[in-house]
Structures are given as structure tokens and as C-alpha cells.
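Below, chain A partners chain B and then partners chain C, in two separate complexes.
So, the complex of A and B:
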């Protein structure tokens, strides 16, 4: 090491602005904690005395059901995204045609850069009772009455899969791209067919990417608000929509705060459990 | 021979599968485009007639106009601030040891896991606590917080690809730390900085959930204005806005792919 590096030039300049942002993040979370521990005063944004009632308030059926549904929806979405994302990521990394690669990349990635609102709205046009799918099915005489997609959990999951697919593809493709192709070639030269080489070499080696993609999809889905709110239309209650209702519609900051914290605990707890359960899988990818 | 046939079959069905999934990805964009040119106010398929009046309405609707302007202002500020803050921090993270390094990194990357509605709610509570209200400073701060992890990551990855010996060589030849930074480190980092900034700008422009909590009628961004519209009206105006959004984004990405090489930016190129 040279003295220049040991002296750490510009350290304050590099770190102080970041520290200020970190303080803002911490202060925001601290504000939530403060509100969650103080009594709600109806009609006011000020709070009363110290209490734990806001957390006790969460034991209502509507909140518990929202929490259960949130975790279920996150799991279903992450799993479906993984299954749909893997083939696309594989094709993206392995195709030899530069044009095809560009087409897949731009197609798969564009939705990532479209906000949740645009994509959610687009799905209402696809899934609505007089929307694209129902109109098409009716035109071919396959159905008499529209199939209800809007305001159902299924509709919400379909739209959420669409929202999380790009991130999954990118994470899986990054993992696949860094696998040395020689391993697969070695397997094939030793007599393994393409399927066997994939299942015994490439797939296990990509497991860290699979686990990372799954947990990221889970976190994104947990964070989603517009999709469950608009496609769910109040019929599908999840943590995010409930927090919004409590915080911004009824201005009950204390209960919104306690629900946010409980939701954060739920999300972190579930992701921790997933990571733990997946540890043997991840170990397969260790070189 | 049989094996070659099965391999070919596998390849064809694989292509078909990927094609179907890509169709699923594209489907909403196609459908919304058809809907945007629908003549009638009620969405129906197939459209009975075609018209561009929803585009006219979208472009002249006041909330969308102010929303677009607000979005551009907030995006410019937050992506630039995030780039400055994130670049410095990524360099310190890569090169230096300092107190609370791990804690600071954990807190700054936490928005990747902490839901945006929680971040928005926290900043709203903070803002009402210090009577800052739902003004632009709080909105910009929220966006900086949300996009910063992506900038840090992007710059950090670029730093890993720089040969540190170049900086040592410059320093050993007498360049001061400032000169090393300005003439060696930052120029070598340039592609990472551009992609980090681009990423931050696009994410900020599209940020919705956290913004919903910290914006008012006066400061609402385009996505928030669009969300307000979808709650109130059912006509295809929003389809028209969506088409514009999709077209611009796809064009930008195709451009970025041609110029920068999106695969390199997103780190999905086959390494060998």
C-alpha cells in the first residue's frame, strides 16, 4: 500500500454526504417507530401518550388476513417469475445471434423501466370484463359470460409476475453469464446429453442467482402497491394497500406505523427463512 | 441420429417457450396501444373505430402537464445528487477502511429490501414532524434514498474493473490525490457513472409508491398524476399516456443498447 492510500484522501468528502442520506433513512424509520408507540388522537396528526395498543390493534382478522395473503401472493409471484424467467435468461445469455440477443434483452428489460402505474393500467385493459382476453374469448364463442380476472388474487399475481419478470431475468442472466461454459462442454464431451448437462452442471451452478432472484422478486412483490390496489380493487387486501388506507386515507399514523413495522418484520423474517432454507441449494453453486 | 433429432426438438420447443414468454411480456403494451386509438370512451375490443383524440386529451390534460414538469425537475435533481453521493461512497467503500463502514453500507442499501411504502410513510411522518410538508425537498430526498443503492452498486462494479495499479503508478510519479482522482479514476469510471446516472434517472422518473406518500396536489409527479386519473376516469386517455411512455422508454433502451451495450451495463454478457 502506498501512503496515498493509507492517508485516505477525500474521505470526509466521500462519506459525509452518504452519511447524511443514511441519517435521513434512519430518521424516517425512527419516525415510524415513534408513531407506532404513541396513541392515536382522532382528527389530529399529533399523538398521545406512550402505548403498545397500536400493535395489539393489528390482531384484527382483516390485518391478519392481509398479512397471510401478502406472503402467499409474494411466494406465488416469485415462484411463477422464476419459472418464466429462467428460459428467457438462458436464451438471452446463450443465443449466438446478436440481433436475437438485443431483441430478447430490450423486450425483457423494457417493462423494468416502465413504472408500476403504466404496467398496472395496461393489465386492467387486458384483464377487464370487456378487456382483451374476455373480448377475444367471446369472439371465438368460447365463453358466454366474461371470466372475472379483475379484483381477484389470480389477476393480481399475473400482473405482479409481469412486474417482477425483468428483474428476475437480469439476475438469472447475470448468474448464467458468469458460469464458465467449459464446465458444460466438459460434461457433454464426457457423454452427457444437453438436458443432462444442463440439469447436473448449469442449473446447480446457477443456484445462487436463482436464490437471489427469488428473494428479490419476493421483496419487490411485497413492496408493490399500485398493482394490488388497482387490479385487486379493494377485494385483495395486502399490507401495502392497508398501510396506505390507514396512513393517507384515514390519517391514522400510529396504526399505519405499527402495521408498516410488522410488515417489515414479516418481509425480513420470510426472506431470512427462504435464504436459510435455500442454503443447501446455494452451496451447489460454490466454486 | 435419434439423439440429434431429440436435440433439435428440444431446441425448437425451447424457442417456442421463450417466444411465448416474450409474448406475455409484450402483450399489455400491444393491447394498450390498440386501446389508445379506440374511438369510444369505453374500452372495448375490438375497437369500433379509430381516433387520436385520447392523445390530444392526454397532452392537454393539466395534471399530466404539471406532473411531467415536476417529474423532470425531481428526476434531474435526485439522479444527479444520487450520482454525486453514490460515487463518493462507492469509492470509499471499495478503497478505504473507516468507522461504521458496514453500518453505513447496510443502511444505504436497505431501500432494496425495505418496501417503498414504508420509506414513503417514514419520510411523510418526518416531514410533518418538522413541518416541511410535502414540498420538493422531501420529494427529492425520497428519490435519492430510493435510487442510491443502484448508483452505488453500478459504480462499485465499475471500480472493480479498474486496474488499481494505474492509480498507484500515477501517485508514485508524483500526482497528488486530487490529480489521480481527476485524471485517472474518474475518467476510467466514466461508463459506470453514465450507466449509474441513467439507471437512477429512469428509476426516479418512474418511482411511484414512495412518491405517493410525500407529494401533494402541487408537487405530484407524472406517475402519481396517472394513478389519480386511473382512480377517477375509465376512458382511454391513460392508454394514450402509456403508449407515449412505452414508446419513449423502448426507444431510449434500444438507443442505450446500441451505444452503451445494455448487456454490459446490466452485467449479463457471457464472460467466456
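So, the complex of A and C:
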């Protein structure tokens, strides 16, 4: 490399925004860390002296249950999103019809522009006791009493899947678009029918995208707040809603802060484990 | 040397005799091959393909003989890849029938056609070892494991890749990847081997070596091969027969020598090999010969393409650079010209000269002598051969 190439005068300029974000996040995390290490003074927003009791407090059953439920909901959501998103992404990448492509893009991706809160409230209209699903089922006489979707884990997962789907579709589509169609053609010329060609060639080659999409959906869901808060209505406890309750209902900032950090640790730990477990799958992609 | 083969449907059988279909029944095959009777390896009967309003392939008839090495040659967009994809089953014909080994396959999906394809980019499965790549087609056919192992090994030996079985395709050079692709296509014992510009990704030296090797393997196995290329050099050196295509139409089918020396139309004459176009005037037509006037020179050409032209009408005479000669200026029987540039080509010199009428011609002069004796600006006489000329009406 010549010095002329190594010198990139625009580089500092590009680093500035990233550096600002990093500084802001670090500052926020530092403030949370400070809160988590100081005693809670009931009736006051100020904190007491240094203590580790806040973390010991997290061993309570309600917190542990929220952590377990969070991981479960994230897994369920990521898995359901993957199963729903894969065919959509595949169709998006492989269809020759410009119309179908546009329809998929609009339906799968525009929800991104609506924001989590709007989409979640839309789901209350669908999932409510007199909502679209229950009203329709009752219309046809299939049920007498409404099925309970709201305030259940199932309802939360359904809404979270919708919220997460666009990201999954985009990530899977990016991965699938990189797989040369000639691989499938080669497989077919060698005697593999469309299903076998997909299972033996396209699917393994898309594994890096599957793993990336799954972990992203997982992290995306872990940090979701509005959906479990509104659809769960306090009955489905996840880490994010519990932090909110502790911090802004009980004004117990120190325990809320320690739970935030524990949640962050849990998210990073689970994702690390997921990626590790998926390493053989990713290797299948051969990239 | 070789005999005429009825390689296409007789003209009487054609569905639309009014259509300006090129005359395909002029191709030679080695005598040994024509002796082998029976169904054609591939038969395209009135096959037509449109993409929207664009006709990618006009109604086409083509017969590929058993064991033959047939090349589809033409510039990009000429329909050769469409034709290949139709044979492979990746495209469905809008009209006509396709038969492979006498069996109707027009509606058969690619995975049931029993064809081997080598793709331009090889399309080796990156997540499988060389052996698993080569064995893929056998696994899909449910061949017993032991037989797969034996046939994979045997085929890797055929392409000289013993010892590479456990490598990943990414660890191989371009030439080795191509051998794997060839082995993968051959191991299934295909009824037809389709090659889609397989040499375009290789550098020049490797390309030559791979071409020789491919030809050897093809001859040894006797596998019917359809080869798609835009490189006329490749087509001339590898093929038993060449199908020259342009604008979705077959222009000529013939042995390399036929398409090189007896092009049937202007496109073929200009596309195969380097060629000069000299403006001339038609003088007389008599039987299969015609006389044209090139300046003060009279030359005989084949009359077929000029039949409907009145005497005196302009024609273009096509002549190869290596058929022209350089003589001293003013020598009888030459065209006056002036040297414009000399291009050193190693074994020969390309002498570019301007005719008195303004046309630029290239003369291939063997050796290096011309560099010293014919500096740019020198007046020369251009010798035009008596035979081997073809002429077509101007565009």
C-alpha cells in the first residue's frame, strides 16, 4: 500500500458520529452503573451509600421468572419470525414478478416505518376480546366466549413477531440474494428436485443469514418494551417492563439500574450462547 | 474426407416453408458418426422462445448427433444461451418440441432430463468438499454409497484431480475448479453435456490447455457435447460442427472449415475470423460463380448470395488478412494502396493500408521484414487472391 492510499482525510469525519454515539451510550451506562451500586433511600430520588445489595435483590422469584420468561419469549419470537420470514425473504429475492416483489416489500418492510407503539396498538384491535379475531370467530359461531389473547404470552409473541418480521426479512433477503441462482440450477441439473435442491444447497448456504437474523430478532425482542407493556398489560413480566415498573412506578432507581445491567448481561450471554451453538450451522454457509 | 449428413429435418417437413430459415442441410460430420444410426442426441423442432415482446430465439430446428461436439457461437444476445437453457430445461419453449435421445422432453423439468451442465462460474457448492460436489448427482439418484465412492474417484482421475477429494472448492485454482465442475457433470453419465462459456474465467494460457483436455475427455467418453461460446477461436478449434447464431436466429450450421471458408451470409463472414471488406461491383452471374470488379481487377466469387442482384450493383467482397499480399506499387494485378500503420504481432506483422478508394484494410505479412521495407506512407500494390473470396450484398 502506498502512503497516498493509506491516508484517508475523510476518516476522522466519518468517525465523529460513531464516537458521539459511543460517548453518549457509555455515559448512560456509567450513570446506570453508578445507580446500581448505591443504596435505595425510600421516598427519595437521591441514593445512599455504596452497596451491592441491589444485585442481591434480583434473586427474588418475580425477577428470576421475568428473566426466564424474557429469554423464552425472545426464543419463541425469533423462531416464529424466522419460520415466517424465510419464505417471504425467499420469495422476495427469487420472484421474477416485479409486482409480487413490490407487494412483499411494502407489506413486509413498511411496518418498520410505523414504530413499535403504533403497531402494538394495532394488535390490540386485532387481539382484543371484541377485536377482529374474536369478532370474526363469533360471527361464524365457532366460539361462544372470546379467546383470551390480550395479556397473554401468546399475544405478546404474536405482536412481537410482527414487530420483528421486517428486520428478519431484510436480513434473510440480504443473505439469500448473495446465493448465486446457478447453485440451484446446478443442483437441478444433477437430478435434485426443487425441494431437495433447496434443502441441500440453498438452505445450508443461507445459514449465516439465518443465524444473523435469529440473533438480531432475539436482541430486538429482548429490548422490546411497548409491545410486552401494552399487550402483556402487566400480566406478562419481562425484564424491560419490570425495569420500568421498578424505576418509574416504585421510583426504586438503584434496583431498576441493577436489573437493567443484569438484563444486558443476560442478553449478551444468551446471544453469545446462541451464536456458539450455531457455529456449525454458520460453517455450512461456507462463506 | 467427410460425407454430407442429413442433420436437419428435410425442408419439406418444415412447418412454415415461407419463413426465411437458413439452409441448415449443408453440414459435414465425420463419416464414423454418420454411420451410427438412430435418434439424435438432441433434436429441437420448431422451438421458439420469447421474453415479453422480445423474441430471444426465433423458430429453430437443430439436430445434435450422438457423440458430437457442437458449438453454439455468436455475440452476446444472439440466443445461444437461451438455446442452451431450453435444452437444459431451465426455460420453457413457447412453441416447438425438444427431444433428447429420441425422448420427448419439452415439458420435462431439468432434474429429470439427465443432462450435465458446466456453468460459466462453475457453481461448485461451496459448502461441500470436492468429492461431495462430484457425488451430488449420484446421491440425488440414490446410487449406493460404495458405488458413489468408486465413480467419484474414477471421475476425479479422469479430470486428473486424484488426491483433491477432500479439498474445499475454495482451495482450488480456477482450472481445478473447472475440472471439478466437469467431473460433477460427467459422473452422472449425462445424455448430453452442456458447457456454458466454461473457459471465459480462465487466463489465456490455462484456457488453451483446458480446451485440449476437454476435447480429449469428450472424445474418450464420446459424450454428446453442446458448447456455448462467443469466442470464434474456441469454436473453430474444438467443434465437430459450429452453429453460428445472431439476433435469435441460426445463421449457419457447418464444420469449422465450412463456416470459416464458405460463410453463407454476411454476418457469418464477418464474425468468424478476421476479415476485410472490399467494395466491388457485380459484373456477371453464371451458374454457381459470379464475377466481380474490384477496381481494375476481376475476381470470381460464389454466386449463391448474389443471385437476385442485377449486374452493376454494388457488392462487398470479404477477404482474410492472410490472403492479401503486399507488392511493389504499380505492379500489375494489384490495387493501389498506401501503408498507414504496422502492428507487430510476433510471428507476423499486421500491415494496415488505405486503398485509393478510402477503405482501410489489414494485411497479415509473415515474418518481420515488412517493418523495415514498408514504413507508413509507402505506396504499395495490394495483391488480391484469385480464389477463396466470398461476396455479399452491402448492408
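We adopt the following convention: the second predicted complex is superposed on the first by the 267 of 287 C-alpha atoms of A that agree within 3 Å, B and C clash if a C-alpha of one lies under 4 Å from a C-alpha of the other, contacts with A are read in each partner's own complex, and residues count from 1 in each chain.
Basically, a residue touches a chain if its C-beta (ideal position, glycine included) is under 8 Å from a C-beta of that chain, and two chains touch if they have at least 3 such contacts.
Keep in mind that what you see is a predicted model, and the values were worked out from it rather than measured.
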item: Joint occupancy of chain A by chain B and chain C, clash or fit; value: fit
item: Per-residue touch tally on chain A - higher for chain B or for chain C; value: B
item: Contacts of A:190 with chain B and chain C, given as first, second, both or neither; value: second
item: Which superposed partner A:87 touches (first chain B, second chain C, both, neither); value: first
item: Which superposed partner A:233 touches (first chain B, second chain C, both, neither); value: neither
item: First (chain B), second (chain C), both or neither touched by A:136; value: first
item: Chain B versus chain C as contact partner of A:146, first or second or both or neither; value: neither
item: First, second, both or neither for A:180, with chain B first and chain C second; value: both
item: Gap in Å between nearest CA atoms once chain C and chain B share a frame through chain A; value: 6
item: Chain A residues contacted in one complex by chain B, in the other by chain C; value: 180, 182, 193-194
item: Residues on chain C engaged by chain A in the complex (per definition of touch); value: 88-90, 109-117, 119-121, 123, 125-127, 136-137, 140-141, 168, 170, 184-185, 188
item: Touch list for chain A against partner chain C, complex; value: 180, 182-183, 185-194, 196-197, 200-201, 204-205, 284-287
item: Residues on chain B engaged by chain A in the complex (per definition of touch); value: 3, 6-7, 10, 14-15, 17-18, 21-22, 24-29, 31-32, 34-35, 42-46, 84-86, 88-89, 91-92, 95-96, 98, 104, 107-108, 110-119, 121-126, 128-129, 141, 144-145, 148, 168, 171-172, 177-178, 180-181, 202-203, 205-209, 212-213, 223, 226-227, 230-231, 238-239, 241-242, 245-246, 249-250, 252-254, 257, 262-263, 266-272
item: Chain A - residues contacting chain B, complex; value: 2, 4-5, 7-11, 13-15, 17-19, 21-22, 24-29, 31-32, 34-35, 45, 84, 87-89, 91-94, 101-102, 104-111, 113-126, 128, 130-132, 135-136, 139, 162, 165-166, 170, 173-174, 176-178, 180-182, 193-195, 216, 219, 222-226, 230, 239-240, 243-244, 247-248, 253, 256-257, 260, 263-264, 267-268, 271
